[in-house]
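What follows is a set of structures for review.
Look for subunit A in each of the two complexes below; its partner is subunit B in the first and subunit C in the second.
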Partner chain A sequence: MDVRAQVSMVFHLDKCIGCHTCSVACKNIWTDRKGAEYMWWNNVETKPGTGYPTLWEDQEKYKGGWERQNGDLRLKLQNRAGGLANLFHNPHLPTIDDYYEPWTYRYGDLFTAPEGDDQPTARPISMIDGEPVDIEAGPNWDDDLSGSPIYAKNDPNFESITDEERRQLFELERLVFFYLPRICNHCVNPGCVAACPAGAIYKRGEDGIVLTSQEKCRAWRMCISGCPYKKVYFNWATGKSEKCILCYPRLETGQAPACFHSCVGRIRYLGVLLYDAERIEAAAKVTDAQLVEAQRAMILDPFDADVRAGARANGIPDAMLDAAQKSPVYRFVKTYQLALPLHAEFRTLPMLFYVPPLLPVVGARENGAYRVAADFFSSLESARVPIRYMAKLFAAGNEAEVIAVYRRLIAVRAYKRAEAVGDIAPEAISEALAEAGITPDEAEAIYHLTSMATFDERFVIPPLAREVNIEATLDPFTHKPHAGFGFNQSLDRE
Partner chain B sequence: MLDLLLFAVFPYVAVVLAVVVGMYRYFNARFSYSSYSSQFLETRALFWGSVPWHYGIIVILLAHLLAALFPDAWAALIAEPGRLYALELVGLALGLLALVGMALLIARRLYNARIRSVTSLLDWVLLAVLLAQVALGVWVALFYRWGSAWYLSSITPWLRSLTVLQPQIDAVVVLPLVVKLHALGGFVIIALFPFTRLVHLIVFPLAYLWRAPQVVIWNRRAGDRRRG
Partner chain C sequence: MGRRDLPSLADAVDAADVILHLAPETNGEVAYRAFKAEEAKVGLPLADLAERTRGTRYTYSDLLQQPRRLLTSPCWSGIVNDGRAYAAYCLNTERLVPWRTLTGRQHFYLDHEGYIAFGEHLPTFKPKPDPYAIGEFVKSRADGDSIMLNYLTPHGKWNIHSTYYDNHRMLTLSRGLHPLWMNDADAEQIGVKDNDWVEVYNDHGVVVTRANVSARVPRGIGILYHATERTISVPRSPLRGNRRAGGHNSVTRTRLKPVLMVGGYGQFTYAFNYWGPTGVNRDTYVLVRRLDKPDW
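== the complex of A and B ==
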C-alpha cells in the first residue's frame, strides 16, 4: 500500500444556478493577464452542449486521455517516440480559435472621434494583435443554449442515444439543460503529465494538486492535447502552458479556493481523500463499465489503522489525516456513493466528483398523493434527459451507477417530503429507502450534507505546506499577475 | 589580419558566449529557456514550414558534425562514387527542404498579424541569419560540388585545430568567398544561440523516451533533503 492524499472536490449539480461567479472569481485572481485572457481555469458550461473549447469531449478530434490497447494503457495522443517526432508540429493541438479570440474595444475612439453626424463607436479589436475583429464566438456563447438547440444537438455525448430519444429530447416543451462547472480534475493518472515531454507537469504527493513548472515548460505543448478535459491552457504571450492550481497559495493560508469560496449555489465541497497509489494502473485499465467502481475501490478508508500508518510513513501530516476522516468528499464518493467522476472513460482517474442532477419532474401528484414516477428510469416521459446521456457523462456509460445515485437521491427527497408534508405513505417511503439501500438515518445525513451543510462542513482542508515562499517585501500589485508561479521577476519575453 | 580575426578569434568568442551566456540564462532566467512555439495561434502554415525545416536541418547539421568528428569513417563512406553521388543528392534535397521550410516560416511571421505580435526583434535577426546560412549552404552544394569530400581537407582540419586551441586557418582562407561566409555563419549562429529561442535545441526532451509516465513530487521530502 502506497498511501497518498488528495484534495478533492464534489459538485452538487442540482444546486448549480449557472451564475458564473466561480469563473469570474478565478479569472480575477489568476488569469487576468496578457496571454491568459482566453483562459477559464474554471468554466461553467451548459449541458447538453458543445462546451469550451468547442467539442472538447470529442477525443477523435483532440486525442486526449488514455485508451486500452490489448489490455495495456496508452496515451491516445502518442507513444514516446511519436511524441518527440511531433514536437515540431503537434497535429492534434487545438488553436485559439477552438476557444475564442480574446478582444477588447477601442474605447479611445469614443473620445477622439472628430465631430460628425454619427455617433462614434468603439470597434472591437483583438487582444492578440490589436487588429479589428468580427466577433464570432466568446466565452459562454452557448450559455443556456443561447436560445438555440444547435449547441445541444452537437453534444458529443449524444452518440449513444436513439433517434427517437433525440427527437423527443429536442421537442421544445421538453428541452432541458443543466450546468456543468469544470476545473482541472487533478487526476491521479493525468494525461497532461504523461504527455509532457519535458516532465514539467507534476502531481504533489501530499495533496495531489497537479502543477506546471513554469521554468521547466518549454512550449512543447503536448499536455494541451494530452488532457482530455482541455484544462491545460497555452499562454500565447509567454509561450508556457498553465492550468488550474487549485488555489494552492490560498490553501496554504487555510482559505478555500476562489471558485469554492464564491460559489453562490454552495454546490461545492472540498475535502481530503486517501488513495492507494499502487492500484492506479490497475484501476485505469479495467473495462469501461467497471471504471467508476475501480476508482472508488482505490480510495482508502481514513479510519483504518493500516491506512493511517501507511499515510504517516509517506509523510502525510496528521492534520491531513484528521481532515480525511471529516471529509465531506469521502462521504459523497465512498460512504453514500452519490458523486461520480466526469468522463471516467478518459481513464485519467479524475479526482473531482459530481452529484448528477435529477432535473425537474421526477415525481407527480396523483389523487392527492405524491408518487415517485415508477417508470422514471426507463421512460422519457419522466426523465427529461435520458439516463444513457447522464451515464455517458458520469459513469463511462454504466447506467446502473447513475440509476443507483438517482434512487438514493429520490429516496431522500421522498423521505424528507413525507416528514415535512406528510403526503406519502410510510410503506412507499420504506420501499424507496430499501430500494436505494439506505437507512432513515443515512437519508437524514444525506439531507443534511446536501442541503444544510455550513461552510466549515463543506470545506475541510488544513492549511497546506508551502510550495514557494512569497517575499513579504514584494509589492503585491507587481506580484499579483505572477502569484502562484513562484516568480519574483517580470515574465516578459526575452 | 581580418581572416585571423574571423576564423581564429571569432569562433572562440562565439563558443564562450554560447557557454557563458547560455549557462547564465539557464540558472538565472530559466523561464526563458523555451521554444516559444506559436502553433497555438496558427497551425497550418506552421506544419508546412516547421516540419520540413526541422527534419531538413537536423540531418544536415548531423552530417556536418559527423564529417568533422569522424573524418576517416566519412572518407570511407564517400570513397565509392555511387555513395558520394547519393550523399550529395540527399544533402542538396534536404538543404532545399530546409530552405523552403524556413522561407515559409518567415513568410508566416511576416504576414500573420497574430504571429507578428509574438515575434521579438531577436527573432527576426535569428530568422534572417538562419535563412542566409541555409541559402549559402545550398549555394555551396550547387556550385562547389563534392563538398562532402573537400570538407574533409579544409573545414575538418580547421575545426579540429580550433578544438585543440591551435587555430590553423590556412585551409579555410583560400576557400571561395561563399564557403567562407557559410563557415562564418555557423559561428554567428552559435553566438546568437544563448540570446534567442534557439536555446530550445539543448533542452530537447530526450529523457521522455525513458522517464516514468507519471511525475510525483513530495514537497516535504524535497524540503527535508534541502534541509539535509
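== the complex of A and C ==
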C-alpha cells in the first residue's frame, strides 16, 4: 500500500442551474489576460450538446487520453504510426475554430460615430486581429439547447442510441437537458503529464493538484492533445500551456477555489481522498465496465488504522488525515457511492466526480404538468433520457453503475417525500431503500449532505502547509509573494 | 438650535446620508418608530421586530466598505431579521398585519364595476388576440419567404433588463448578441439555419438579429429576451430603407390595460411604483424572414 492524499471534488448535477457564475469567477481571476482570452478553465456545458471545445469528447477526432493495447496502456496520441514523425506536427490539436475566436465590440464607435440620422452600433471585432468578425462559435454556444439540430443532435454520447430514440428525445414533450460544469479533473493518471516531452506538467505531492510549470513549458502542446477533457490551453502570447490550478493560492490560505466558493447552486464539494498509488496502473487497465469500480477500490478508507499508518509512513500530516475523515467527497464517492467519474473510459482516473442528474431522467410530463414519475421503480426503464446515455458519460458505458446511483437517489427522494407529503406507503419506502441498499439513517445523511450542508461541510480544506512542502532551498519569504499564477522569476533570456 | 440642525445636502454623499438617515431600512430608530406607529394602526405588537436593531445606523461610508443588510420595515412586507432572506407578505401572514386591500384580507374576487364590466372580477382566461385585429399587419403582409410568429419578450436567463447581460463576459457566454429563439421546423420553413441573420418585423418596427434555432421552442413562437440596450451588434434593416434596426421593443407597442386604470377604491389606489397601469408591451405577432448578409 502506497498511500497518497489528494484534494478531490464532487459536482452534484441535480443542483446546477447553469448560471455560469463559476465560469465568470474563474475568468475574472485567472484568464482575463492577453493570450488567455479564449480559455475557460471552468466552463459549463449543456447536455446534450457538443461542448467546448466543440466535440471534445470525440477522441477519434482529438486522440486524447489513454487506450488499452495488448494489456498495456498507451496514450492515444502516441499510438499512431509515425509517433516520432509527428513530434513537430501534432495534427489532433484543436484549432481556434474548435474553441472560438474571442471577440469584443468596437465600443468606441458609439461615441465617435459622425452625426447622422441613425443611431451608431458597436460591431463585434476579433480580439486577435481587431477586424470585424462573424460570430460563429463561443464557449457556451449550445447553451440550453441553442441550435439543437446541429449541436445537441450531434452529442458524441449518442453514438449508441437508435435513430428512433434520438428522434423521440427531440420531441418537445420529452425534450430535456442538464448542465455539466467542467474544470480540470486533477487526474491520478493524467494524460497531460504523460504527454509532455519537457516534463513541465506535474502532480503536486501533497495535494495532487496538477500544474504546468510556466518555466519549464517549451510549447510542445502535447498536453493539449493528451488531455481527453481538453482542459489544458495554449497561451498564444506567452507561448506556454496553462490550465486550471484549482486556485491553489486560495487553497493554501484555507479558501475554497473561486468557482466552488461562488457556486450559486451549491453543487460543489471539495475534500481529501486517500488512494493507493500501487493500484493506479491496475485500475487504469481494467475493462471499460470495471473502470468505475476499480477506481473506487483504489480509494482508501481514512478511518482504517492500516491506511492511517501507511499515510503517516508516507509523510502525510495528521491534519490531512483528519480532513480526509471529514471529506464530503469520500462520502459521496465511497460511502454512499453516488458520485461517478466523467468518461472513465479515458482512463486518466479523474478525481472530480459527478452525482448524475436524476430529474431529467425520471421527470415526466403528465397533462402538461411536470412531475417526478409516480412509479419510482419502473421509471428507470422508461427514462426520459436513456440510461445508456448517462452510462456513457458517467460509467464508461456500464449501465448497472448508473442505475445503482439512481436507485439510491430515488430511494432518498421517496423517503423524504413520504416524510413531507405522506403519500407513499411505508412498505414501498422500505422496499425502495432495501433495493437501493441504504438504511433510513443513510437516506437522512444523504439528504443532509445534498440539501443542507453548510459551507464548512461542503469544503473541507486541509491545511496545505506549503511552507514545509516547498523546496527547502527556497526562503519562505522569497516564496510568499509568488503564490499565484505565472512566472516566479522574470523571463530573463541571455 | 434652529437652522443649524438642518441636514446638509451640500454634496452627493450628504444627500445619500440624509436618505439613509430617514429610511427605516437603514436607521434602526426610524424603523422602531415606524413599527410603533404601525402598532397603533394595527392593534398588535410589532415593534419587537425592530427592538434589537434600534441602534443600527448605516451611513454612506458603511455601504462603501461592504454590503449591509436592510432592516425589517413596515414599508415592506418581508421579515429579514437574523439573516432571514426576504420573502413578501411575511408581516401579513406571520404578524397578522392586515393586507393592503379594501377588506384587509387577500382578494380573489374584485367587486369593482370596472373589473365586472371587463369580466375580470375573477381570474379569467383570455385567448390570444387575433394578430390582424390588433393592427400589426395593415402594411406588412406575410409572403412565401416569411413566417408569422407569436413574439414573446420574457426576462432573459442571465439578465434583468440590460443589467448583467450587455457586457463582454455574458455576451461571450451566449451568442454575442440578442438572438431570436425559434423552433427548428419553423426555421426550416423559411430556409433559416441556426445562427442565420433574420429580419423580424411588423407594421410597428423591425429587429435584425440572428436566429437561435432550437427544438426547445414550441412551433409558432419567437422569443427575444428583454430588455437590452440597442447598442451592440445591431445591423441595418433592408425593409426600412437601410435604417438602423430596432431593439426587442421596436415591434411591440404600449397598450394600457383599462382595468389597471380604475382607482380610488380600496387597493386600486394609485401610488408611484405601487399601483398603476402597466404597459402591456411585451407580446405581439411578428413576421420573420431570412436576411442574407447584414449591412452595418
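Here, the second predicted complex is superposed on the first by the 434 of 494 C-alpha atoms of A that agree within 3 Å, B and C clash if a C-alpha of one lies under 4 Å from a C-alpha of the other, contacts with A are read in each partner's own complex, and residues count from 1 in each chain.
FYI, a contact is a pair of C-beta atoms (placed from the backbone, for glycine too) under 8 Å apart; a residue touches a chain by one contact, two chains touch by 3 or more.
Quantities reported herein were computed from a predicted structural model and do not represent experimental measurements.
Visitor: Given the touch rule stated above, what does A:L93 touch, subunit B (first), subunit C (second), both, or neither?
Guide: A:L93 sits against subunit B, while subunit C stays out of touch.
Visitor: After the superposition on A, what does A:W236 contact: first (subunit B), second (subunit C), both or neither?
Guide: first
Visitor: After the superposition on A, what does A:F111 contact: first (subunit B), second (subunit C), both or neither?
Guide: A:F111: touches no partner chain.
Visitor: For the three-chain arrangement built by superposition, which of subunit B and subunit C touches the greater number of subunit A residues?
Guide: Comparing touch counts on subunit A for subunit B and subunit C gives B.
Visitor: In the overlaid three-chain picture, which partner chain does A:Q214 touch, first (subunit B) or second (subunit C), both, or neither?
Guide: Only subunit B is touched by A:Q214; subunit C is not.
Visitor: Should A:I201 be classified as contacting the first partner (subunit B), the second (subunit C), both, or neither?
Guide: It touches subunit B, and subunit C stays clear.
Visitor: Tell me, which parts of subunit B touch subunit A in their complex?
Guide: Spelled out, the residues of subunit B in touch with subunit A are 29-43, 46-47, 50-51, 53-55, 113-114, 116-118, 120, 122, 196-197, 200, 203-209, 211, 213-221, 223.
Visitor: If you look only at subunit A, which of its residues touch subunit B in the complex?
Guide: Against subunit B, the touching part of subunit A is residues 4, 80-81, 83-84, 87-91, 93-96, 126, 128-131, 189-190, 193-194, 197-199, 201-206, 214-221, 224, 234, 236-240, 277, 280, 314-315, 317, 465-467, 487, 489, 491, 493-494.
Visitor: Could you please specify the touching residues of subunit C with respect to subunit A in the complex?
Guide: Its residues touching subunit A are 157-158, 168-177, 179, 181, 184, 193-195, 212-216, 218, 230-236, 243-244, 296.
Visitor: What residues on subunit A touch subunit C, complex-wise?
Guide: My answer: residues 18-20, 23-24, 27-28, 102-105, 110, 117-119, 121-124, 132, 135-136, 138-141, 143-150, 152, 170-172, 175, 177.
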